[in-house]
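Okay, structure first, notes after.
Labels run A, B and C following the written order; every chain starts at residue 1.
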Amino acid sequence: MKRIEPILALALAGAIIAAAVAAPWLRFVLTIALAKGIAVMGILLLLRAGQVSFGHALYIAFGAYTVAFLAPRVGDAVVLLPLAALGAGALGLLIGLFVTRYRQIFFGMLNLAMSMVFYSLLEKLYHFTKGSDGIRVEIMPVAGQALDRIAYEWTIFGIALGLAFALGLLLRLYLASPMGEALAGIKTRETRLEFMGVPARGVLLSAYVLSAMVGGLGGALIALTSRHVTPLLAYWTSSGELVFIAILGGAGGVLGPFLGATAYELIRVYAAASFADAWQMILGASLLLVILFAPGGVWGMAARAVGGRGR
Amino acid sequence: MAEWFQDNGLLLGLALLDGLSSAGLIFLVAVGLNLVFGVLRIVNVAHGSLYAIGAYSAASIGLFLTSLGLPAWASLPVLLLSAALVGAILGPLIERLLLRRIYAQEEVVQLLVTFALFMILEDVQKLVWGVQPIHHDQAMKLLGTIDVPFGTDFIPFTNYQLFVLPGIAVVTLVGLAWFLRRTLTGRVIVAVTTDREAATAMGIDAAKIFLLTFTFGAMLAALGGALSSPTAALVPGIGAQTIVLSFAVVATAGLGQIEGAALTSLMMGLGRSIAVYFEPELEVVVPYIIMVLVLLVRPQGLFGVTETRRV
Amino acid sequence: MSEALLRATGLRLAFGGVRAADGIDLDVMKGEFLAIIGPNGAGKTTFINMTTGYLKPNAGEIAYEGRRITGLSPRAIVKLGIARSFQLPQLFLEHTVEQNVALAVAARMGIWSPLAPLLRPSHRDEARDILARFGLTAIADSRADALNEGARKLADIAMAVALKPRLLLMDEPTSGVAASEKMTIVETLVNVLRDAKVTAVFVEHDMDVVERFADRVAVWSQGRIAALGPPAEVLADPAVQREVIGIERHPTKEAPHA
């Protein structure tokens, strides 16, 4: 299964490009899916250590607002993306120093608390953030090139796809490295790590900062695509959505987040269009079905279809 | 300092009395969540939905019975009965059909199953009760108001908020403490909370205790909702707000601690209402600030016990 | 004359009313195999826990290579060259045996390389070499949660050995191991440790193992060292026999009062 992962990744990328070309409205949906997939890689990283963050929407919102605030000043997507990632990484380091002292429920709830504090600040500091109205993001040049709307959207789509590929590859290497394997060791025998001279908290903190960075990057891409940021990006249900996507995709492979995000966004768009009042219900029911009847997620189903092991 | 009190004493008094009634409501919901978490080891994200459904049901049943000519004095018992009804129907339904299938699963999966349930129940509320505010305050009007003296002024307070809400919270706290310490079933619940393996090894019927505890927790959530319904108009989203606050209480108080939950609810209720009067921007943030401060000093929660790992 | 690698002086530690260490003075000599015997609850594991930094003594101090290590974290103590294995094996259950040992190798070499694989040739070769010496090659690819007790125990010790310690503390290395395998396992262990010139302290309940492999025996009783010396001497002491061996040597064959 590991070996055909790159082939599957190429096939998925091909399918996404074909869908985006075939239907312009899908291009928007799929860019958002790629952005969320990038952010969910961070959730995957923490799940490796057996930890569930119920507050990672914080970093998405941070990345998105970084773009919204700096766009009038910096005004180039290529500069804003790394800025958002670095900013989110710095915030992740700050918060991570605190939350990585905790495990399980406390870890999850402290992350939730942090994201809710951020959400409240975005809502209440109206003169700065425009409160729940949010901030509009104008179409901006990319790498110095002024683009029309269609070209701009295609460019952001391309950047998202490229980043998804590059980061997916890096994540794959990371997970197989001593740091990644020690991260998985936190899940099963954290004390042993300490007795081997490995600082478990440092291992978790590194992963946490990385997860914040990809969260910020995903958020920046979302802001560049939807061109409107609101505090809802940081609300706890958005964090739940990220964990949802991780499980929907299947926590096994690096492709999982992208399979999950694509499935999630498509179900959401379809459900919202067909049953405007019940789209949450449909998403919730899909999640229940996946958990109860397809424990490996979409990735697991794909793996079984191909006939390999689910990992 | 003395001058400050002269100027702000009235506001502070108002804040404290307001805080008391909101602390009572927070306690009812949070202690239910804490009990369920202690026994089932599942953080029930849908606990807030049970609160919301309890509130909506109480309002609808009240409105319906009033239209049939129910005497006004009965409106208070109706609140309690509708809460019991919601808990007795939804509790066993959720536990038997859903939770029972996932007791052996990983924490993240359990969390997500209840998250999916939350999403489903959010839309169920909208489908059943619509999105227009619903208000039925007969129970509160029934009991009238009392003029609370503040220096030379008198401020009218509703007896319902001043006495009924905190009163029911205190009765629940005392009753729960008695039940958990003095009855066999209660002691079994405590035993399962403190040492699940040992308790089940001793032949405790876990399935029965889980069902009982969850139903009881659901009733407490519905009770909180039902009792809150006369004090404010019901709108979509109250469940989502309630659950994050309850999370904060549980994480701050520590696992399985009912007195801890009571004290924490009091701190958060008072803290929030003081914020409402003095720094409204901070209202939503206050519970999390309290939580972070407490966990910085006591990582296992205010009253939690550290689990020592044997090597 | 050999010198002390580890020197414990006046160690005291109480849990509530129980004195798990009540004035422990002990020198562990460079290169020796020191067995710790004694009834359950005598404080044998507590001594290992204090030496490895998991527990801090209320009083007294532990010096390693002349350097005070009391108060250091487990992590810092490992870095100085003291490793331990566990009574209940502490393996990374979702990893293979090879990965478990490779992680220990990586822990020693430095784990902060996020892009090169754990099972890079150098780590893998070393892990395989250690597994071969422990006779675990056949199960290198098995997941740790699928092993039998004996294999789990050996893998646990293999991880400690992969840290290349100069002092290895083993908490009941043969408990839970089938009687028929016991001597073979200990034989393997002793060979590996002698090759690597590791000083070893091990808690042991099987007197045959102690007699055969220990250079010296320390008898623990209620947080104190009741006797210390060569096995032949200590195990022949009637008081020791009564207190420790009589009940523990052949628990199934002889009644406790015999």
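The working rule: contacts are C-beta pairs under 8 Å (C-beta built on N, C-alpha and C of every residue); 3 or more make two chains touch, one makes a residue touch a chain.
Being a predicted model, the structure only gives us computed values, none of them experimental.
> When all chain pairs are ranked by how many C-beta pairs they have in contact, which pair ranks first?
So the chains sharing the most C-beta contacts are A-B.
> Taking each chain's centre as the average of its Cα atoms, which is closest to the average over all protein Cα atoms shown?
A
> In whole angstrom, what separates the CA-based centres of subunit A and subunit B?
Centre-to-centre distance between subunit A and subunit B: 32 Å.
> Can you compute the centre-to-centre distance for subunit A and subunit C, using the mean CA position of each chain? Integer Å is fine.
About 45 Å, centre to centre.
> If you average the CA atoms of subunit B and of subunit C, how many Å lie between those two points?
Centre-to-centre distance between subunit B and subunit C: 50 Å.
> Could you pull out the residues of subunit A that touch at least 2 other chains?
Correct list: 191, 195.
> Listing for subunit B: what residues touch at least two other chains?
311
> Can you list the subunit C residues in contact with two or more other chains?
54, 90
> Across the complex, what residues on subunit C touch subunit A?
52, 54, 73-75, 78-79, 83-84, 90-95, 99, 103-104, 106-108, 111-119, 123, 159, 163
> Which residues of subunit B touch subunit A in the complex?
Those in contact with subunit A are residues 37, 43, 45, 98, 101-102, 105-109, 111-113, 115-120, 122-124, 126-127, 240, 244, 247-248, 250-251, 281, 284-285, 288-289, 291-292, 295-296, 299, 301, 309, 311.
> If we count contacts the way the header does, which residues on subunit A are in touch with subunit C in the complex?
That would be residues 170, 173-174, 176-182, 184-185, 187-189, 191-199, 203, 206 of subunit A.
> Quick one: which bits of subunit A touch subunit B in the complex? Just the residue numbers, please.
Going through subunit A, the ones touching subunit B are 47, 50, 52, 54, 98, 101-102, 104-106, 108-110, 112-114, 116-117, 119-121, 123-125, 191, 195, 235-237, 240, 243-244, 247, 277-281, 283-285, 287-288, 291-292, 295.
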